[in-house]
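Shared chain: chain A. Partners: chain B in the first complex, chain C in the second.
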Partner chain A sequence: MSTATLAKSEYEQENRSWYKRNEISITPWLFMAPAILFFMVYVIIPIFQSFEISLFEWDGLGAREYIGTDNYVELWDDPAFYTSLRNNLIWLILYLLAIPAGLFIALFLNQTVVGIRLYKSLFFFPFVISQVVVGLVFTWFYDPTFGLFNTVIGWVGLGPINVLGDPTYVTYGIIAAGLWPQTAYCMILYLTGLNAVDPEQIEAARLDGAKGWKMLWYVVVPQLKPATFIAFVVTIIGALRSFDLISVMTNGGPFGESRVLSFYMFEVALSEYGFRMGYGAAIAVVLFLIMLFFIAYFLYSMYRDERGR
Partner chain B sequence: MFPTPIQKTPRSWQITYQSFLPIALIMWLLPLIAVAIFSVKPEGDFSAGEYWSLPSTFGGWENYGKVFFQSDMPRYLLNSLLITVPTAIGAVALACMAGFALGIYRFKLNLWIFFLFVAGNFVPFQILMVPVRDLTLDLGLYNTKTGLVLFHIAFQTGFCTLFMRNFIKGLPFPLIEAARVEGIAEWRIFVYIVLPLMKPAIAALCVLIFTFIWNDYFWAIVLTQGVESQPVTAGITSFNAQFRAAYHLMSAGAIVAALPPVAIFFLMQKHFIAGLTLGAVK
Partner chain C sequence: MRSILKASAVALVTSAALATGAFADGHKLSGEMKIFLDTSNPAPRATFEGIIAQFDEMHPDLKIETTIIDRDAYKTQIRNFLTANPPDVATWYAGNRMLPYVTTGLFEDVSDLWTGDLAAELASTKTAMTIDGKQWGVPYTYYQWGMYYRKDIFDELGLTVPTNWEEEKANCQKIVDSGRKCYTIGTKFLWTAAGWFDYLNLRTNGYEFHMALTAGKESWTDDRVKKTMANWRELIDMGAFIDDHTAYSWQEAIPFLVDGQATAYLMGNFAVDPIKAAGLTDDQLDFYQFPLITEGIPMAEEAPTDTLHIPSGAANKEAARAFLKFVATPDIQTSMNASLGQLPVNNKASVNTDDKFVKAGFEMLNNASALAQFFDRDAPAEMAKVGMEGFQEFMVRPDNLDQILQRLEKTRERVYK
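This part shows the complex of A and B:
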């Protein structure tokens, strides 16, 4: 009995010391294991699976048929694909307006007066609300018969314009709705950034006679660089991910003129246009490659930052 | 501080600024204010074409009553809650551990794994859609809250790990070294030293994830259908199909759907903003 216990504790000792010796190198992997597992199964592996599925004709249920790059060849001649691509580009460019607009509002609110904290949080409001609700609200806002938008432009003798029913205006109308919460987000980023601006530098610049735009451009904006970088990242991603607003406000219409790649992909794979999983995956791959360009840039910036630490 | 502090400007400008603030706010929130007013107008106002008049009588009780007692809204709200809370707990728990590993230990693949999480967090959802939907079907979790929760946990872990790792990097490292010299086991360092210091980060992430997931629409329509499992964002769109022209009910429904994240934001404002603006100041 006593020898057995001894042996056991010796074994434990041994075992423990092996673990102890390697504790520092093993522990991080134990801690990361669940997160890596989840992330692999649901995020990383599906990316590669999508690449694979894009080479098949598949309705999501039956057998897959390997068709090589046929889906991509079809995409090449698909006018709806080019409409989506063009709209993605418009989104990408116009969505960036959220950055200067956010900076402008942040500067406007960067004062210490009574109740300013409440003002700041109320200005941030649109970001906290679901895009689905924002979409509904803006659909009414644009309504040609009673919408606020047409009521207001009616006062100056314009309209009515059926923003969401007109192929020329529809994408711009949706982007305007998207800019509302996005500007709020950029505003919060800049308000935080402005808090950290060095007052001594401002004072020094003021003594040198800088003010207004010059002060803003040469002294304040450079100090806001981290905020601008994050605003840029979230805005680009937001623009390329735009889906909810389009789905809620127009469902891609009229005549598919408000589609973007993310929406067109969904339409092809899961909606009335039939269950073409392979074709949908091919569209998703194109969108992913566009995003990859930005992701690589973001990661490179972060890498430089890490090196600098 | 930039621009010039208002206190140092002429009196007239101070008054202009003070009076312009509320006007700017009203203009900024005009669509929302309109919806709030819609939601308390009686039905009769709309059929009479009185969209922009003030409510002729207060119809708020009736409108909100209908939303709560004669529609599926309460069920959707409950679903949202049952999806959002487990997701927040799960994602934050995984990220605390992964963030600890990536923030404290030096090993060869550290930066690569970190970047894997960051990059995964940026991908467009559509590249995941078909395989994830397929996987969920295979697991028998299609159209269940569990299926949605599992995916959300996995995806949010990317952002949460980024956040946690950067937060932990900012903690004083000598504290950990000192504990090691004392011979404290690594997992104890995590539980008794690092975890208590992470409380503000945990609060920030819980609030953010709650809001993100509550507001999610895409995955709700990809992985679920029907009233048993869909969250309120998907619910409000089917509500829309049902009550298309009943603006008073739709407005009340929209406000009910938007309220929980708004309430959380106001209660936890400091944490919420700290979470969103991570890295915006250096």
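This part shows the complex of A and C:
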């Protein structure tokens, strides 16, 4: 009898469903499937489609015409493209100012006084309001007739400067507006980071006579490395996809001097006078390659950190 | 509420008058009709709601569904809805602006409506509605462009309305000397600068050259274009335009006129409403035609035409055709344009003579040698964009002219191949 039972149970085991047998390895994939599906449909496949469309001349309505790399050739001597690329670089560099600015505000706010929570939330406020609102507020701030900015520089005998209408200042003016919320974002990252700073190490450093800048640079900042990394990532990405502020504040003007690549792509492909899908896609591809450089770097450093543990 | 009641009362009366005509052909419209409109500003919106209610009343079996889309958003959305979810009737613009939808077969050929009486009544815009010898829509309104100026300041400085370029410049010099600017303008969204270019070019070189240029048949580095720009430059060098105009939209430029910091505004008639709303009265604000520049060139004018079209994918084309026909009738054009404050296209329609701006525009356009649509409707979209950007740059940095014209020429070579 007993042998028979054994045989039966063995038999059953072999006949367990395919899913039951592979449960451990399959389940994670099942959970990830929806995410993978949507990531494919909305991110990965469109990337390849952009590559494809950039080889065509297409107005989005009629027939597509294959023109090879003509769009890229045209991009190569398009002055507007270089203006956008230069502005993108200025954005990338100046936007990074948000990181030290955020750090110093965080250090400043990292103390226990009455009402500190209120001050913290007030400093965080610009990040909560919409970029469109930030853009509008700064547009009025810079307004050459009634703007506060010109009133203030008028007190010291300067101006008036038409910040958003002058090709030399316009990009800097918009970046200043963008830095306001971005600084708040970096600040909040550092505030949480500061909570995790080890008080014992501070104590030890203090015993060894470290203070001021040295304390900050050699003791505090290294411990904030994870926060710095995240701040760096979000700031770089924020700089590269700057679009809403430009759209609201200047619409790319005056005469296209404040455009960045993402705005130029929108203008060429999707705006009122645009609809050159192929050319827009070519700009998108260039922007993607620039981003890819940073993304690869971020992924690599994350991978290195994971392995280091 | 009161205006709605009033409008529907008017609607009832007129529809009663029209009903007999509509039912006479013994045909009842049924089913659904979807109408997409870009008339998002208050006056045009109310106007359209009024006439649609009227049409609805005449055709009780027809269910009308109206969607009103923001005027600027409409310009990009139209491409999506024409291909994906076409309505039965959609608003758009005449001239080259409809070309992309005609060549891709998204607009229905409505030449059959352009026959008999209607063709004669709408004749003034027939060329603007014609592509490949067929008509692709029906116009419902147009409006004039010209100088809206401060009559009280002109009186104060002892100026008279200029009729030629020398007088215009002499006036402007006096205005500048009095510490004001001659013209307000806001070029943030570019097209306002194109209004100046159009008029300067129409007056310097004439309608034929202007049309050939916007159609890509003439070079932008031509000496005639340079002459137009030289005329423009005279004004710029005088300091005729307000400072920092690149920072303002056309609406934001209005306060300069209202405050008296600037004395004139080259604009379309739609600007009258906001200018009056900002505080100027009919005694202070007046209108004059853009003056003659080159002797012997007939006076052509700008008259952008707004139109209705039937998408080729429409489900209820019968109802749509009836609606287009209805909108083109003299009575409807009269009542519509009275409330729009614009000009009816139908020559049997009558103009609201209480409105001095509409009256002046009507007379001016009736005597015009030809009508241009507007730079961004006469030239294809891409050329228009690069062109208008060039004009804006020219107004700020007139020394860059050669560079700008070369850029436009390069765009021309690419766009019109």
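The criterion applied here is as follows: the second predicted complex is superposed on the first by the 288 of 309 C-alpha atoms of A that agree within 3 Å, B and C clash if a C-alpha of one lies under 4 Å from a C-alpha of the other, contacts with A are read in each partner's own complex, and residues count from 1 in each chain.
Throughout what follows, a contact is a pair of C-beta atoms (placed from the backbone, for glycine too) under 8 Å apart; a residue touches a chain by one contact, two chains touch by 3 or more.
On a predicted model such as this, the values are computed, not experimentally measured, just so you know.
With both structures placed on the common chain, the touch criterion links A:270 to chain B and to chain C.
Of the two partner chains placed by the overlay, neither chain B nor chain C lies in contact with A:75.
Contact with both chain B and chain C is seen for A:60 once the two complexes are overlaid on the shared chain.
In the superposed model, A:113 makes contact with chain B only, not with chain C. Within the superposed three-chain model, A:189 lies in touch with chain B and out of touch with chain C [touch as defined at top]. The larger set of touched chain A residues comes from B, when the choice is between chain B and chain C.
By the document's definition of touching, of the two partners only chain B reaches A:44; chain C does not. In the superposition on chain A, A:216 makes contact with chain B only, not with chain C. Overlap of the chain B and chain C contact sets on chain A: residues 60, 270.
Within the complex formed with chain A, the chain B residues making contact are 1-3, 5-7, 17-18, 21, 24-25, 28-32, 34-35, 38, 49, 51-52, 94-95, 97-98, 100-102, 104-105, 107, 110-111, 113, 115-120, 122-135, 150-151, 153-155, 157-158, 161, 185-187, 190, 211, 214-215, 217-218, 221-222, 233, 236-237, 240, 247, 250, 254, 257-258, 261-262, 265-266, 269, 273, 276-277, 279-282.
Against chain B, in their complex, chain A makes its touches with residues 23-25, 27-29, 31-32, 34-36, 38-39, 41-47, 49-50, 53, 60, 107-108, 110-113, 119, 121-126, 128-133, 136-138, 140-141, 146, 148, 151, 180, 185, 188-189, 192-197, 199, 202, 215-216, 219-220, 226-227, 230, 237, 240-241, 243-244, 247-248, 261-262, 265-266, 269-270, 277, 280-281, 283-285, 287-288, 291, 294-295, 298-299, 302-303, 306. Taken in their complex, chain C has these residues touching chain A: 72, 75-76, 79, 82-83, 100-101, 103-104, 106, 187-190, 243-247, 376, 381-382, 384-385, 389-390, 392-393, 396, 407, 414.
On the side of chain A, the complex with chain C involves touching residues 59-62, 74, 79, 142-145, 160, 162, 164-167, 250-251, 253-256, 267, 270-276.
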